[in-house]
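In the two assemblies presented below, subunit A is common to both, partnered first by subunit B and then by subunit C.
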Partner chain A sequence: MRFKRNKSKKSLINQANLSIENIKSQLNHTSDLKDREIHSNNQIYIILYINSLVDQEKLESKIIKPLIKMENNNILNELYSQEISTAKSDKKAISGLLDGYCLLIKKGRNNEGFLLKTNASTDRDVSEPIVEKTILGAKVGFVESLDKNIFLLRTLTKSPDFTVKKYTLGSSTTTNVSLVYLDHVTDPEIIKKVEQRIKSITLDSIRSEGNIQDCIEDHTVTPFPQLLLTERPDRASANLKDGRVALIIDGSPTVIILPATFMTFFQTPDDYITRWWLGSFFRFIRLISYIIALILPALYIAFVSFHYEAIPLELVYSLQSSLSYVPFRPFMELMIMQFSLELLREASIRLPPSVAQTFGIVGGLVVGTAMVEAGIVSYGGLIVVALTSVSSFVQPNLEMSSSIRIIGFPLMLLAAIFGFLGIVIGVLFVFIHLSRLTSFGLPYFSPFVPLNMEEFKDTIIRVPSWMMYKNSENSPHYKQEKRSRKWKLDESEEPY
Partner chain B sequence: MRKIELFLIFFILPLLAGCWDERLLKNSRTVYLSGFDLVENGDYQTTSIIRDMNISESSRGEISISNQLVTGKGGSIKEASMTIDQSVPGNYDPAKGRTLILGIDVAKGDIYNVLDSLYRDPRVDLNAKIAMTDNSANELITHLSENEVEKGEYLYELIHSSETHSEIQDITLKSIRTYLFDEGKDFMLPYLSKDEEDNEVKIKGTALFNDNSFTGQFLSPDESTLLLLFMETQSPKALLTEQLDEKAGGSVSYNVKSVSRKLKLEKEEKVHANIMLQLDVEIVDYPPDHLDKQETIIFLENRLSKILTEKADGLFKKLAANQSDVLGLGRELIAFHPSIWKEIMGVNYYEHILINPEVKVNVRSSGIIL
Partner chain C sequence: MRVKSRISSVNLFFLLVQTMIGVGLLSLPHQTHESAGSDGWISILISGFFIQLIVLLIWLLCRNFPNLTLFDFSKVILGETSGTVLNFLYIIYLLTMISYIFVIYADTLKRWILPETPVWILFLIEFILLIYGSICNVKNLVSLFSLLFIFILFLFFITFLVYGDPYIDIRYLFPIGSSGGWNILKGTNDSMISFIGFETLLIYFAFIKQSKTISALKGVFLAVLFVTIFLTYIVILSTVMLSPEEIKITPEPVLYILSAMEIRILSRLDLIFLSFWGLIIFTTIISYSFSASMGISKLIHIKHKFAVILSGTFVLIVSIIFYYMEITLLEKWLKHLSLIFGIIIPILLLLITIIFKRGAASTYEKN
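Presenting the complex of A and B:
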């Protein structure tokens, strides 16, 4: 290592003296590293490129052809490449080659090197997002290309404030990451923090957004995600306009939005497309379903094993009648059911969609009823588990809905041991935990803790957009025009 | 190592049976109706119906209901329920019992003796209705268990509907306790009896209590409605029917919409309680019609006022004879005239109170026709 570093220093001093042999050996004489010598105007040029990374046609028509036909030796004017930079060192040349550039070396006393953009793209077409579906929202999802994703974001966020910062992460294999934000809208503190944290990543290689997430989130020991992963450009763009930062990773169709608070995970583009009554209703349903999914199994256990006097009389008898055949304790009964549901869920992801449907019917209906009839679970337990899983599917964000499962099991356990008391204690702990969490220094459970009435306009309900303006000066958001419905005043003043 | 131990403990914990105060629903035998009787040599007898619902395996989810009648005797109510517990599979659990029936022997004694164990159990439904029967509770419950199998909470609904028609006082396990320990207030309980002709359990009226025991006298539903009006605790529905003479068209039914009571207590030789009751009524049944005419209304108002004043006189004589201060005049005296109360306080304070009721009826509405 030490030796290598010395070498690169040396080549920095002795500018623009590129050693072809050195580059080749650094790339381990890989067989897809090709070179070609061209004689033109009494000058020898050597083109070095990695065969698999460059667009062959681009290379031929835009680099090699003009190079051969070249009249003078001014490369910068004669070649058709959209991006030309000088390679000042072997190291830079190598990283350029790995990015799909081709290296043009002008032989001479000093080997002058130029990096020309010829990279091939494997972009797929923009398609509809699969996980985050909406009814009315845009039918566009992010793709695996960094540039295309930035393009998608930019078209939705036309502003001179739109800023992109590029980073290259990973020491043995590199990954390009772009930080996107709206200057003047985003809190500079947050940008500073994000930059600092990204720069501190010293991972060997970045495999997925999970690696970055692990490295930059505030708290790792929590079931609650503090970064929002989205595959929707409209969602990302809306968050940028709200003063958040987007982190785009090359090769991944998922964009990280940060900092995310608890309520961010309950917002969907649909809320803002539909009228505000409907949007508020959906938002409310989502929150309720989150609570149901979290507490319902625990409540069932507590009711059935401690507090059945709190159930209405008729229900007691019907619950009891199906429970009396179940040989397990309520906790085990629900665990068996939950576990088999998790199996079904996991299995259906791996199956092709055509089979998955049949599988869902066989797995869900047949196994469910058979389990009740065999006396493994009771009707009550089946209803509870089914309702819980339906409620957890309501969550628009995958990570948030899996947090339910992580917290739900301990809650069930507490309910099985202490009844209602256990649930109260468990929920209390969850609240305390939520209140203590931060996301890039911002309180995670805001606007509930600390209480901020101004922010409630876009949490449990969504108020009409003309009411969304912010009063507080230090808010990182756009100061929205307060009087978007001023026309009403104007119209009423018109004489008949 | 410690972490593994901790993990093992938490993993095994839910598998261990018998958490401290766990009461599994499937192991409990839920009582739906209980009755208490006094039997020979001072023992208590508890009679309960345990209801079971069976989902039949063969005919896919068809539900059949069966009632199990259980009885147990013991020196106390708790002992009696322990005796029952020994005879039923599972845990005998009176917590869900929504109706409690007191046999006539129990009601004649201090009923708190029976209720005490119920108050000590934190799980007992405090909104349970209490009623007494003119016979032994055992007989009534046996009859119910044989004949009312399919009707969910028959007795509870029966009592509840009478309450909504202002026929009986709204008494629950919770509210009765204040009456039991209030020296200036008595109460009345629904008086159940088995109608031999129809072979059905009916509410015959309300049983008057003095202190904690049954006086032996009960009021008819009409009388208790009137009494509830005097107490200003009637439900939105308080339907009364009065017999008028032939000339005036037979009878009139009316619903009391609102009540205002003026109570004046004066100490002379005795304590005089002058109660002026203003009733705003709605005529609901009056075939002769012509309620648009002022004369008809004035005639009705006068007649009804007169009839009701007479009835009230009779009613309060009945209360005085049994020393049952359902109206709570003692409480009134304690609160507003402590000096008078000091003179007459004691077990028989009601003897010193003379009630002069006066009823004034105002016809306010006649339904959607005149």
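Presenting the complex of A and C:
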């Protein structure tokens, strides 16, 4: 008796009774939900699919046609679909339907359901990335399709360690997210953390990577980004090889790289393509420009309004001659300039490229010169603002260069109130703040603090690649050989 | 004590250097010159050597109590009541030290950069930075201090610019030892206060990995060595640049030298020096207030956050009082207090530990 009950329970779990009516009503009898009945081999099959998500031709030639011509009832052997899985519950069947699968139901005492892959795709072709331009790097950018993005990453990272984990996020509308990393290279601790944080996302719907970023980053009250957004597969692949994790979101051409430390935002693919002298030089320029963009306006204000005795006399005279016509204090003067610059920047994004150029000339040159001649700003202020904005454009990462703007204004204000001391206070605040930032448990200034000489090789300068060997313990598969230039020893000749 | 985040020997180097290099830097050449004349640098070297010994003694004391700070093991050594009293005294000492730094910092700023700013604004800024900087764990402290270490190097570089000066005269240093041995030793006594900051080791040793091995001491030795060299360099520089009569009347010789210098694009190097020096001062303040707050939170069992606010408020009030009172009085006290709390009490504690065989087997040794 007991045995029997057990058996019946087991069969119930194995072959859940799919109710077509239930599925239909759960999908609100939407009009693009189609069904078709096929009689084959004395068996009734019902195919259920959402018309707009399914590739019609695939469905006809690979599912319906073989089904009609079928000689025995073994579905798994007769259909030409790449992916067949059994749908054990209505819920699973519905989520499959929404992903573009078609649901094949074998009618009987228990309705057996199979999900067959027939989804249509409207991928655009791979094109050159727009924001992250390089001179010599690959001309390939990510696209909006999850599978294609994984394909792009895989072709650049051929390794058996390449691991993809899929997640479906969102409670009312769902979005597929893939976690990609190289097993054995990435710190398992980080993978665990990322998985845990992704699983804890309970958002209603995922609109963009910003939603995910908000949910998983360590610190939200900070202008500094802790995740790297990139649209370049080569950059993402290089980061994977460095032991980072990529998060790909379906429908977005931007991939999240984590954990990202401060120096990550100053690396570009170009650094590794050119020879190491050039690569190091460019990176150094970027760092310097970051500091310039951050404190130059504040320095100008401090010098002009407090410590004019600190600048040489000749410079004082020339600054004075243009400043004396300006009715505003230096702080106001710079604020006006910065604000109009922000306007120009924002406007040029919205304009079509052909107009933007003209606009840049009119807005930048004409307005700038006119402002100085009208005595609204001084030459000194104009130079400072121009240099600042040029320096901020040097930054390879958009979010990092935005942090300059956010910190820059309070720093200017402090400089206007306390002069040099104000800058010191502001800088100290930023330093204290930075020393507390972490990205997935990794300190933000990671190679410097805590000091790690081995990681130092790819930070302020990029050392030549034959010196970039790593012997870290958690990457046994990727121990780089120390001597790539052994040939030099063989070829070298004694002078006599 | 349950140690959540541990630091390495290298981290300890940064912690200690940043705590030790501080407010004494500016007036040090003046002070050593008063007692030891042109041989002030010898006094610094001697006291540097002396401090190495003290640091060794502190390590010998602390290695008996792994994972315990001064505030924990004082109770083990002296018993509950007298241990608590000692902790209280240490907290008061640390807070007074911060107040002294507060006053000196505000005073220097007022005289050199901001002559018309009311002093309470400066105190308020210091107060805010103290609170913002001290609410953290040791790891954050280490991160901050190692980041700011670059500014100590900047201080070095700024002084290099001085060598273009035509008035530099190396003969001011000679004859070496002319002030006599006794005077040099007296100078040692005076210069000891510039090394103050090493007593925070009594707290930081608890956080270090493998505090029993000699490698823990390496960072400390290097730190003291670095500070000794840095201070000696500053003293020699001032002695060489200024004639003995000039040093006598300049309370902050380094700043005077720098303010006289003029390089092509910048007329006031002292401004830059003071700014960087300000950053270095704050690391000292933060380090002290972190230690003091830790003591307070252990003493009256409150959260670290509230302890920091409490100590910050105390320091603010005390420093305002001292600013309007006579600052030299505080200076004189602190010279003796730092000798007592930095050197004598640790030695006494060590003696008691050895004689009465006190020790604590820590339960958290293995992590």
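The rule we apply is simple: the second predicted complex is superposed on the first by the 469 of 496 C-alpha atoms of A that agree within 3 Å, B and C clash if a C-alpha of one lies under 4 Å from a C-alpha of the other, contacts with A are read in each partner's own complex, and residues count from 1 in each chain.
The rule is short, and it goes like this: contacts are C-beta pairs under 8 Å (C-beta built on N, C-alpha and C of every residue); 3 or more make two chains touch, one makes a residue touch a chain.
Since the structure is predicted, the reported quantities are computational estimates derived from the model, not experimental observations.
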item: First (subunit B), second (subunit C), both or neither touched by A:Glu309; value: both
item: Subunit B versus subunit C as contact partner of A:Ile288, first or second or both or neither; value: neither
item: Touched partner set for A:Phe331, first subunit B, second subunit C, both or neither; value: first
item: Subunit B versus subunit C as contact partner of A:Ile432, first or second or both or neither; value: second
item: Touched partner set for A:Phe448, first subunit B, second subunit C, both or neither; value: second
item: Which superposed partner A:Phe420 touches (first subunit B, second subunit C, both, neither); value: second
item: Footprint overlap on subunit A, where subunit B in one structure and subunit C in the other make contact; value: 309, 313, 419
item: Complex contacts: residues of subunit A adjacent to subunit B; value: 303-306, 308-309, 313-314, 316-324, 326, 329-332, 335, 373, 413, 416-417, 419
item: Subunit A-facing residues of subunit B, complex; value: 10, 13-15, 17, 19, 21-26, 28, 30, 32, 51-55, 57, 63, 65, 95-96, 98, 123, 125, 152-153
item: Subunit C to subunit A touching residues, read off their complex; value: 8, 10-11, 109, 113-114, 117, 125, 129, 132-133, 136, 139-144, 146-148, 262, 264-268, 271, 274-275, 278-279, 282
item: Complex contact set, residues of subunit A against subunit C; value: 307, 309-313, 418-421, 423-425, 427-429, 431-432, 434-436, 443, 445, 448-451
